[in-house]
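Next come two complexes built around subunit A: one with subunit B, the other with subunit C.
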Partner chain A sequence: MAKLPTPQQLIADRPAFPDKHWLNVKSEFTPGSFCYPAKKDTMELLHMPNPHEWDPAAEDWGLPENWERILCDAFADRLEKHRSLKLFMDICVRCGACADKCHFFLGTNDPKNMPVLRAELLRSLYRRDHTMLGKLLGKTVGARAWDKSVVKELFYYAYQCTECRRCSLFCPYGIDTAEITMIVRELLHEVGLGTHWIMDPVKNCSFTGNHLGIKPHSFVEIVEMLADDCEIVTGIRPKTPFNQKNAEILFITPSGDVFADPGIYTFMGYLLLFHELDLNYTLSTYASEGGNFGSFTSFNMAKKLNAKMYAEAERLNVKWILGGECGHMWRVLNQYMDTYNGPTPVNMVKPVSPITGTEFTNAVSTKMVHVAEFTADLIYNNKLNLDPCRNDHIITTFHDSCNPSRGMGLLDEPRYVLKAVCNNFVEMPENTIREQTFCCGAGSGLNTEEIMELRMRAGMPRGNALRYVQQNHDVNHMACICAIDRATLPPLANYWAPGVTVSGLHELVANALVMKGEGKRTLDLRQEDLPNVEPDEAADTGEEQ
Partner chain B sequence: MDAKTLIDTNKDEILRQWIEAVYSLYPLETTGFVRTSSDPFGNPVGDMTKQAAAAIYNAITGEDTAVDTVKAALDRFVKLRAAQRANPSQGLGVFYLMKPILRKLLLPQLAKDDLETYLGVESRLDSLTLLAFDMYASARETLADLRITEIRNQHAQLTRWAQKHGVISTSQAR
Partner chain C sequence: MFPSLLLVLLIGVAAWAGTVAGGAVLFGVVLPYAAFAVFFAGMVWRMFYWAKSPVPFCIPTTGGQERSLPFIKQNAVDCPSSTGGVVVRMMLEVLLFRSLFRNTQAEVCSSRAGGVRSTYYSSKWLWVFALVFHYCFLLIFIRHFRFFVEPVPACVTFAESLDGIMQIGAPRLFLTGGCILVALCFLLGRRLFNERLRYISLFNDYFPLWLLIGIVGTGICLRYFDKCEIALVKIFVMGLTQFSPAPAAGINTLFFVHITLVSTLLLYFPFSKLTHMVGVFFSPTRNMPNNSRMARHINPWNPPKQYFTYAEYEDTYRDAMAEAGLPLDKQPDKAAE
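And then the complex of A and B:
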């Protein structure tokens, strides 16, 4: 008679030493561990190579017949094109400084999620074809051949990296594993492998300018609805200028803040702030998306989707561009935009704040300023009437979004703004913030619900630090400056630190902003009661409404 | 030796062996790291496991048996087990890894007439595992809810727009 397994047998204690070399352990594609594949018609519309239907959980991924040649040629091409990639392949000494810095590794404890080993997946292929030792000695020097399980493995781990670059911060050579991940994703696209969550927004952006594919008239109407909501809260209906030629400033922000909860409140914050400043600005229905999922696809796709910013700046004849709170949008703008789409149209000039006269010399080349810098400058020059007591029910911390913090060094401006609009601010532990910030666990196109469980693992280090300040300092709020964060941090907080709410910076700015001619504020932008308003005053205003 | 003294004497060894047993569930290449780093934020899995070990010890020895404090102390660890890649028996089976350790360390030296105290320890471990089961199930439900909420939130404003234009009804919007 069969015996019941013991608890030890049930939880499958591993042998003292693994029976396989780590490189030979195959990836298991169980539900929840992979993103859904991109649709064939989406890939066809985008003229992506080798579009086909496939299922990550299936044995056969339907790769084109000459898949190995395609991948080898594509890899050789990228090595030729990007000297940095060749350098990254050559110089790693496998010191392991990056190993325990990756949030995916910390959450999954999967050795191949150590950045060094994730890169080694590609480096082993590089050794075989591009190094003399690898050609001669093969496996003994860590070289290996392509096979279909290697392709699967590359897919599995390239989409378990959020390109957050925390590992590169600790690398003594400055190897940017995020760029290695980007290249791996590019290579996989050569044989028709992409994910739906990334490619669908790419398609929508290509055709209508924004991730959800909302047409211009609907986009305007949705923004108008947000302006209506602003009026309910403040008594003032902010202007919503669209496609205004000769405006001084073009404002571009991720469309997630127009469509998604709680990003919409950040967008309302922008509308109210700009209205109060009487800023000569315009929104655009064409450049209606700051986000760039092309940057999670390939460099060429990122360049193509980003081009609309300058094209629209030229068409509308604006002087400079103000950019909203976004993560990867700023990585593209700060690191790649100049080479992708520069030089700027001739009508654009060095950004100067029309309110304070401050010259943004840091943006002299791209002519694009981050809204946190813009607002910090306003506050520094005492141009805003703020009542931070309205946010007194909030004890907030600040999540440094990976791309603005590590990608462009935007560390102090958002904190400066946050401290001006909230009286209660608490930092998370030192090794989880600023340059060392932990990713939300779902950046770089991984913010899709089918991998929620994986996201909770990857976001665990961030959730753990948040939970620490919640339990030790009564933190009940986390501000951030990234639209993907605004979508991904609420579930992360609900899982690891329930009770902590998440918002963008400018939602809190608008809550604290005392506007000229506004009604008595009894509600915050979410139309929830402001607890610090005297009851009798609240009742009075309630009747008015 | 009476059970209470015996357990107290072996506290460090019990905790060490259980923590090692949990670490050994992870791949070999990973174990060294979780074992050596003591930074609660740089090595959260290690920190959560150590916190859970202390909570289990306090609960099974009867030092801290208030349900709320036991649950609070185990919360992070159980959530970790619920989110990490494993089936439920693997997720919660870690608590039963304590039994062979206790039996090996304590039973041979236990005075014959003090078996009842020892059985009390095991019973409390069973209760604790049942409490953890509730927490585990709740964490899995939260995961499922998060997916639903996220799908709804992604298009929140679009849904309002569709309602306004009569494209969908209010009940559909929910």
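And then the complex of A and C:
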């Protein structure tokens, strides 16, 4: 990875708008500006159309001979399938309200990263084939023909959009660039163009149950190790139920949390919480992935990967599913799952918390509850013995992930939990949180190393807001509810606001959780010394009161 | 920008010259009829074209707290879970441009001393002038019913009295005429002077603005400067509405320019971005409730399920799973049989 410029340089280096009209500017594939291409055998294994080896930096991308026909037909097909696409192609007035809402535009100053122009890339093609004025007047009214450089341009900008939907919030007609980006990526996959960072997890998830390709026995082994770590910290070894039939609840979370720091601490948090509640639940090695990189590929691939959840819920005969902290996972679960793979198997029933008796009436159809909803309900009903003082060394802020914010509306539940487990909570500036939240800069399958500078650019608005609260309110921690965030925010914080640590919500919950029969806590889940712990001789005063 | 201005001027000049050369019937009768026919047919076709494609997924953009636990307050307008909430959201969107009201302006600067700083300012000018433009347009549209209906309905007279509330001059000055011109100039100005807007603006953006300026300009002239004989115009227009066109004698040439520009707008409308007028009602990110976990949304083209089943998974990993002590549907010895 190339050395990153300083933040000041990064922003000062943003080029001015080109002099040429955007239709005449071609994308340049310099190292660091693109994600590595998907491997041919990966694409073959997944039965993706037109698999081939290619290199984005090369002149020739090895497109199939009839690439133009394929793309035109695929585009026409998507127009027939999605009213949103027809509408978003037709009604944009180019008012520009979306322009400076995009984190990629703010970080790069590339005009084609303005959501309006990103959509125009496709709209210009739509005009030629699907509008009368475009057919008659061509370039005068912004219509253009397909061309290999246009395909390259679509690829370039479809992978500089994280499908965060921030622009769609501000658009007077609700035009959603995420929808357009998703469809452009679908089109590109029709001619065999995909990225390694997305297609490899898709392949793994297809055949091993999770993005990381962790096989069942290894999955068990890793989780057991995490349970061992829990024991070191708390003196209690949480139970780790796998593939248990007739459990009440199936718990599914992104596999990244089983594998990668700091997500593992969030996972340990789940284990400890569920153990303390004596929850009748099970993990599954088969449905061991909450995330869905298929949703960055095509609607059908998302459906395919998602299908395992209900299939496993049926096989294990569980009553309902509890879902862990993850962003795009919840976009799929909230807005797509029931449509893709519903109705739910007959063994599933309306979710009810076995601890509080609360009915989750907002999930009566999907029968899938977000863990933040679950925990907020526990706290509201006083079912958890919490000692937030254990998190007193933390002054935390909260990063709203794009998808739960703008594709679900999960805003106050995590805050409710966070405020109960941390005494020091500070919000970032109001135009950067809740429904107006800024992306981590690397969602939707862009969290890959080779585009680190681009990620730092796109992460600028988030990083800046974080730095603001760091400087003004001594914030030293950022909580989040997304596994991709837990992978992408640490480097972002390191770059834009060094000294801020990142964690999932349930890591903090477990740190504050006073468990029945636990040993004296001197360490947090990361096995770092807890501050304010009295020396041993005073230990008998205890923390459990 | 210039080609679109030129085109509007050209249309105006052609209408003027054509009328002077005796083509009043063409510009005053044939063209308006054709324009109305195209407008209505075009809009119906456009809506049908949109409606033909299904809405496969429930994809509202949630702009606030979801309906969740009883102690968490839902934002029922920006994140509606019921039809009632969606109706309120749409009303606010259509009548008050709620999303545009949110608009902010981001400023990013980098200084050696202060580091990088991004600031978000509230930015409501576009919202203000968009509202002014659209409401003035509506009022002017209503006012024009004076020419189409006899007797003049009370609501039209009321709209006129509102519009002329300042009671300046004779004929009384209508505020909307001036306001809409100011709003149009703002909308045009930001396309010319804002670098980003200039970069994204197309012929398709300038043309309707110039056209509207032309329509409003000729309208104002006809009322205050090149005053036309209202009675004659009304007889002429009523003739059109009753399909027995009256003679055009005695009506100003400018009137036919005005009519021609309006006809051009009607002709252009169904094939352009101006369809946002009805399109906004179709927008799935705004007109759907956020209830996709409560009620199943159906996708008419939902493909059959195809995935790596548990049985295939167990077949692939059975021995390793047995060794790890995982419960199995088929034990290794049984599976081998």
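Basically, the second predicted complex is superposed on the first by the 515 of 545 C-alpha atoms of A that agree within 3 Å, B and C clash if a C-alpha of one lies under 4 Å from a C-alpha of the other, contacts with A are read in each partner's own complex, and residues count from 1 in each chain.
We take it that a contact is a pair of C-beta atoms (placed from the backbone, for glycine too) under 8 Å apart; a residue touches a chain by one contact, two chains touch by 3 or more.
The structure displayed is predicted, hence computed values, not measured ones.
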Exercise. Is this a clash or a fit when subunit B and subunit C both end up on subunit A?
Worked result: clash
Exercise. First (subunit B), second (subunit C), both or neither: which does A:249 touch?
Worked result: neither
For this session: Name the contact category of A:74: first (subunit B only), second (subunit C only), both, or neither.
Result: neither
For this session: For A:341, select first, second, both or neither according to whether it touches subunit B, subunit C, the two together, or no partner.
Result: second
Exercise. Of the two partner chains, subunit B (first) and subunit C (second), which one does A:111 touch, if any: first, second, both, or neither?
Worked result: both
For this session: Report for A:22: first if it touches subunit B alone, second if subunit C alone, otherwise both or neither.
Result: both
Exercise. Which holds for A:225: it touches subunit B only (first), subunit C only (second), both, or neither?
Worked result: first
For this session: Could you look at A:461 and tell me whether it touches subunit B, subunit C, both or neither (first, second, both, neither)?
Result: both
Exercise. Where does A:432 make contact in the superposed view: on subunit B (first), on subunit C (second), on both, or on neither?
Worked result: both
Exercise. Once both complexes are aligned on A, which of 115-123, 151-159 or 241-249 in subunit C overlaps with subunit B?
Worked result: 115-123
Problem set entry | subunit C-contacting residues of subunit A that also contact subunit B | 7-8, 10-12, 17, 22, 99-100, 106, 111, 114, 117, 221, 429, 431-432, 460-461, 464-465, 467, 496
Exercise. What does subunit B use to touch subunit A in their complex?
Worked result: 21, 24-30, 33-34, 37, 39-45, 47-48, 76, 79-80, 83-86, 89-90, 93-94, 96-97, 99-100, 139, 142-143, 146-147, 149-151, 153-158, 160-161, 164
For this session: Give every residue of subunit A touching subunit C within the complex, in rising order.
Result: 7-8, 10-12, 17, 22, 79-87, 90-97, 99-101, 106, 111, 114, 116-117, 120, 131-133, 137, 140-142, 165, 168-176, 179, 206-207, 209, 215-217, 220-221, 242-245, 285-286, 299-300, 303-305, 307-308, 311-312, 315, 333-336, 338-343, 358, 361-366, 368, 373, 376-377, 380, 405-413, 416, 429, 431-432, 434-436, 460-461, 464-465, 467, 496
Exercise. Given the complex with subunit A, which residues does subunit C contribute to the contact?
Worked result: 3, 46, 49-59, 61-69, 71-73, 75, 78-79, 81, 93, 97, 99-100, 102-106, 108-112, 115-118, 120, 126, 130, 190, 194-197, 199-205, 271-273, 275-276, 279-280, 282-286, 290, 292-299, 301-303, 305-310, 313, 316-317, 320-321, 323-327, 329
Exercise. For the complex, which residues does subunit A have touching subunit B?
Worked result: 7-8, 10-14, 16-18, 22, 30, 33, 99-100, 105-111, 114, 117, 212, 214, 218, 221-222, 225-226, 258-262, 264, 429, 431-432, 449-450, 452-453, 456-457, 460-461, 464-465, 467-468, 487, 490-491, 494-496
